[in-house]
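I've put the structures underneath this note.
Both complexes shown next keep chain A, but they swap its partner, so chain B is in the first and chain C is in the second.
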Partner chain A sequence: MNEAKQPLLEVRDLRVRMRSRDGSGELQVLNGVSFGVDRGQTLGIVGESGCGKSTTALAIMQLLPGSARVNGGTIRFAGEDLLAKTEQDMSRLRGARLSMIFQDPMVALDPLFTVGDQIAEPLRRHMRLSGQQLRERQVSLLQSVNIPSPETRLGQYPHQMSGGMLQRMVGAIAISCNPELLIADEPTTALDPTAQAQFLDLLARLRDAHRLALIVVTHDFGVTARLCDVVLVMYAGTVVECGPVREIFDNPRHPYTQALLAAIPQRERQARLKTIEGQPPDLARLPAGCAFAARCARAVDRCRERAPPSLSVGSHHVAACWRAEDA
Partner chain B sequence: MSGVLLEAIGLTKRYALPGRLFRKGDRSVVHAVEDVSFQVFEGGTLGLIGESGCGKSTTAKLLLRLENVSAGRIMFAGQEVQNANGRELRAYRSNVQAVFQDPYSSLSPRRRVGDAIAEPLIAAGAMSKAQIAARVAELLEVVGLSGRAATLYPHEFSGGQRQRIAIARGLALQPRLLILDEPVSALDVSIRAQILNLLQDLQERFGLSYLLISHDLDIVAHMCTNVVVMYLGRVVEAGDMSDVRRAPQHPYTQALFSSVLPAHPDRRRERIKLMGPLPSPLDPPSGCVFRTRCPRVQPICAERAPPLIETAAGSRAACHFVAPAESLGVA
Partner chain C sequence: MLTYFLRRAARAVLTLIGISIVVFVIARLSGDPSLQLAPEDATPAELAQIRAELGLDKPIPVQYLVFVERVAHGEFGNSIRYQQPALPLVLSVLPATLQLGLSAFVLSTVAGVLLGVVTALKRGSWMDSATRGLAVIGQAAPSFWIGMMLILLFSVQLHWLPSSGRLGLEHMMLPTLALALNSVAVVLRLTRASMLETLSSDYVRFLRAKGVPRRLIVWKHALRNSSIPVVAVLGVQLGHLIGGAVIVETVFNWPGVGRLMVEALNARDFAVIQAGALLVSFFTVGANLSVDLLFGVIDPRIRYE
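Then we have the complex of A and B:
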């Protein structure tokens, strides 16, 4: 996109390989992912299971599992190359300037410690707070995520709270040290609808209040409609489309994006939903051309022979499809 | 719409928690489902919605006779079945089958798909081996899988295909009612649409009735003819899907629908925010159970539980402040 000014986070041509589950070989789970996100901005990464959206998030945090390694590309954060950092440097960044929220708050929080202890940990570690200052910061954090009677809650354990409240606790921990970048991986998938709406409101408020660069990984276009400025659609480890949220909804150019949007029930009792026949490809046996060609109604010979490059189809809007311009 | 296939009348389930050591009497009782009534119409789809812990799944268990009711009746095709046993219960169970959320855990990994589908047929005991094999092949075809699938194991299938297998097994005994408990929640968007279409095709083809439990209101609105909204084990609103969707009457239903994510970035809706946490079902609030979180709460709400009344909008709702049907002034 814009070459002149570098965004806070810039990922270029990121590639990740991972040992397959059966140990028989390596899979290219990310195959050239590029995007940027700036402070105050929200990027949504959308796609189905196995498309590489969570791997992208973990690669940025350098929390990839041991079976995976980055084998190409760069991740620049505030001008610095994250991939060149030592684990020690990264652990100083994580929880401080970079922060992440995971899907299930019951897993993210330790059941044996009070939530107060768990909020105190990054504050002690990164901000060296203690005593009265620590206490005040804990209380104000819980207030900022709308938790009533924070003093009482600090002394409680995770099992004493509802899922929605726990996820807000996780949110409080994630913003505790004033991060610049917050990554939320399916932050509301485990929540009920009313708790989900509440948590998305909270993320929007925190983003605006702290000028966070926010990345939301989701399978739900509704989440991007609510929260995002830019949407990135992934399929089989590649970016198939990326553009401003309204462009993606009103003028999607990649057949996969179009099909995903058409498959969402529209709140009316309709005769039939549009479907995408077949399933995502096996990463161990990726086809030669476009990974989506086998399921694409508009595929031509060229699609099956050569993978399409990312083509500009509008202002800040790209689609990796040979036929994106014919649409 | 045709007749009523299944009717729940005053369905109630209370679980007694084990008494505390050294403290006699005073055993806590969880009011999981309290006086729940609804009807499932022949060939129709009833949606059961509400948040975690509202009693949807307990209701499903009661209907499947996996749990016994504490009070109330279940009428199926005019027969009382809540206490049925022996042959009567087997007949009922072959008429009411279930498909659950997670096909990864509802299918045994060590059992071939053909055997998993044949299991209910073998248990029913009315068919020869050859007849069973033929029926399994037919069922696989009905759900859009190849006959070869019968010889494979569940791990050789994707999530969507496994859900097709679970549906085939649910259909084995030619039930009249399928209870679908979050049938597509574990599936990806594109696969979800395939399964929802399949369910609609099967409904048309076999005249099936569905009871659909889901927390996804878009899916409920897409699939259902009627809907029941539950909160803390009680029905707070019920009616035709189109009426409830267009003009939800109960403040809880309104809050629920207002929290649905927008279908487009320009469509922002006014959110109705609920106050406070969900009360404990061990100690439900007096009067209206929703009053502790209701934006319209008044003193009367703590005193009297509102009955489920016909509203002017066409649905039935349990709230002291909904406009009753009479006030419409129709003759």
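Then we have the complex of A and C:
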């Protein structure tokens, strides 16, 4: 295979099973997810709660909860098989070459240690910094995420900072060792609108400065439009549509994507918020055909009988819908 | 932090005053010591005279104020039974009780925390189930019963350890174990629960995402966070242990404050009861105050309150 053509991160047919919450059995929460992302590029993973977008992110980091396990597929990072790595090897990669930040910055840091200490941890472990060098790196990292008077802030505790500042602090920790891949799981959901905009700008700036491969997990198409090159739309553990961001917005081919886009509140004609009728399917009882068929206005018999394959509907644009080409 | 500490210290002083009132009144409700001092054929007039000499003819509030005034001068009065000052009497046996209480405290802290952490990490294993089963028994069984069972097993059957007295280290082992078992169980269960909660928290997930090794996550971050509720309970446990020593001392014939107090209660020896109860309370309240201070050291959110 041509090395140059392989993206930095390549996920192929990823499958994850999870014990159901009532302990009665296992659910197939990811059912064959594939995508790739390269340095300098931003991939947005969009979908409703429970569609498997966070599970995908956690599977890449090998941070799935104890109740979940990967039962198929491959995750290749810079040519290496991440699924074959031991926990010890993964802990050397995490924070060093692949990093992740989470939704709620208020609980992301240990409340009993100074933020300085928590920034120092990956720097000590992965870059073997100490003393003056460590101090300088800590300060410059805080500066790079626009935190004023970094010297003072390093000695403070998480409860002494606002959510927006904490999320920037978390961002600084995540990029502290110059990772190649950064995964941001709903990074702005817990922030107020001003802090949201600031943080998205910061992510874009960090991506460009460090040539990061960036994966943003979100349910907000606004975030996608601002940040992403490629969008992946997920539904019930599968990818229903994937393509360049402009294509997805201008020419969505999967009925689910179309419904999601139609549900974005429009400032001009705020008559009534459009919603998608019905509920996502129970993962314990997935239908034989397309998982979205029950809620789809355009579903035909074939949709209910057989799951649709991913069809190419344009340049780098695929949709998993029997009727994608009819649209 | 200073205001936090001063508030706690003021509360501790108020607690001690409250305890002194309760102890004082309850001792007087327990009976009339003049009956024990007087000859069997004493007339009511002679009894009244003895009461007057002891100051027991005055109303209880007045007696209490006299008592407080004396205590302020370090005077706890004379033991009726031993005919000597009560305070030195109690102080002479206090080390035995503290030795027992503190060794049981150290045992329950170290064993409880270590077992709690290990069972949390090995959740669901046979060791976890076995330890938790034993902990339930340890928590349910009263210490005097545990004490007697230990004597039956290790002294009567196996002849490994002495059943009474206070001579060497081997005399300490059974009473310490009998006293500590309940606390070990309490501390273990709380540590385990607290540890499990901490390990599933968001910041532990972020620590893993940073590549922090498991051993650091457990022993640096998770243990410190889990220790907050555990420390709170340890303060209470220290009080229980010193109080519980009273019972265990009787079972093992351990010459401490507990045994002295039981004798004093039977003899209505007010001065000894009051001195003993106040000294024990002093240590218990002091322990709780240290715990409050420790909170400030562990948790910056309290320090900056």
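Some points to look at:
By definition in this document, the second predicted complex is superposed on the first by the 322 of 327 C-alpha atoms of A that agree within 3 Å, B and C clash if a C-alpha of one lies under 4 Å from a C-alpha of the other, contacts with A are read in each partner's own complex, and residues count from 1 in each chain.
The rule is simple: contacts are C-beta pairs under 8 Å (C-beta built on N, C-alpha and C of every residue); 3 or more make two chains touch, one makes a residue touch a chain.
Since the structure is predicted, the reported quantities are computational estimates derived from the model, not experimental observations.
Overlay on chain A: chain B and chain C fit together in the combined arrangement.
In the superposed model, A:Lys5 lies in contact with neither chain B nor chain C. In the superposed model, A:Pro148 makes contact with chain B only, not with chain C. By the touch criterion stated above, A:Arg285 is placed in contact with neither chain B nor chain C. Applying the stated contact rule after C-alpha superposition, one finds that A:Arg128 touches neither chain B nor chain C. One geometric descriptor of the composite model is the angle centred on chain A: between the Cα centres of chain B and chain C it reads 70 degrees, in steps of 10. Within the superposed three-chain model, A:Ser162 lies in touch with chain B and out of touch with chain C [touch as defined at top]. Of the two partner chains placed around the shared chain by superposition, neither chain B nor chain C is touched by A:Arg21. For chain A, the partner touching the most residues, choosing from chain B and chain C, is B. Minimum C-alpha separation, chain B to chain C, in the superposed model: 5 Å. Contact residues on chain C toward chain A in their complex (touch as defined above): 201-203, 205-214, 216, 221, 224-225, 298-301, 304. Residues of chain A touching chain C in their complex: 61, 63, 87-88, 91-96, 99-102, 104, 107-114, 121-122, 125-126, 157, 159-160, 170, 173-174.
Against chain A, in their complex, chain B makes its touches with residues 51-52, 158-160, 188-194, 196-197, 200, 215, 217-219, 221-225, 241-242, 245, 255-256, 258-267, 271, 273-274, 276-278. The part of chain A that touches chain B in the complex is made up of residues 48-49, 148, 162-163, 165, 192-198, 200-201, 219-226, 228, 245-246, 249, 259-260, 263-270, 272-277, 279.
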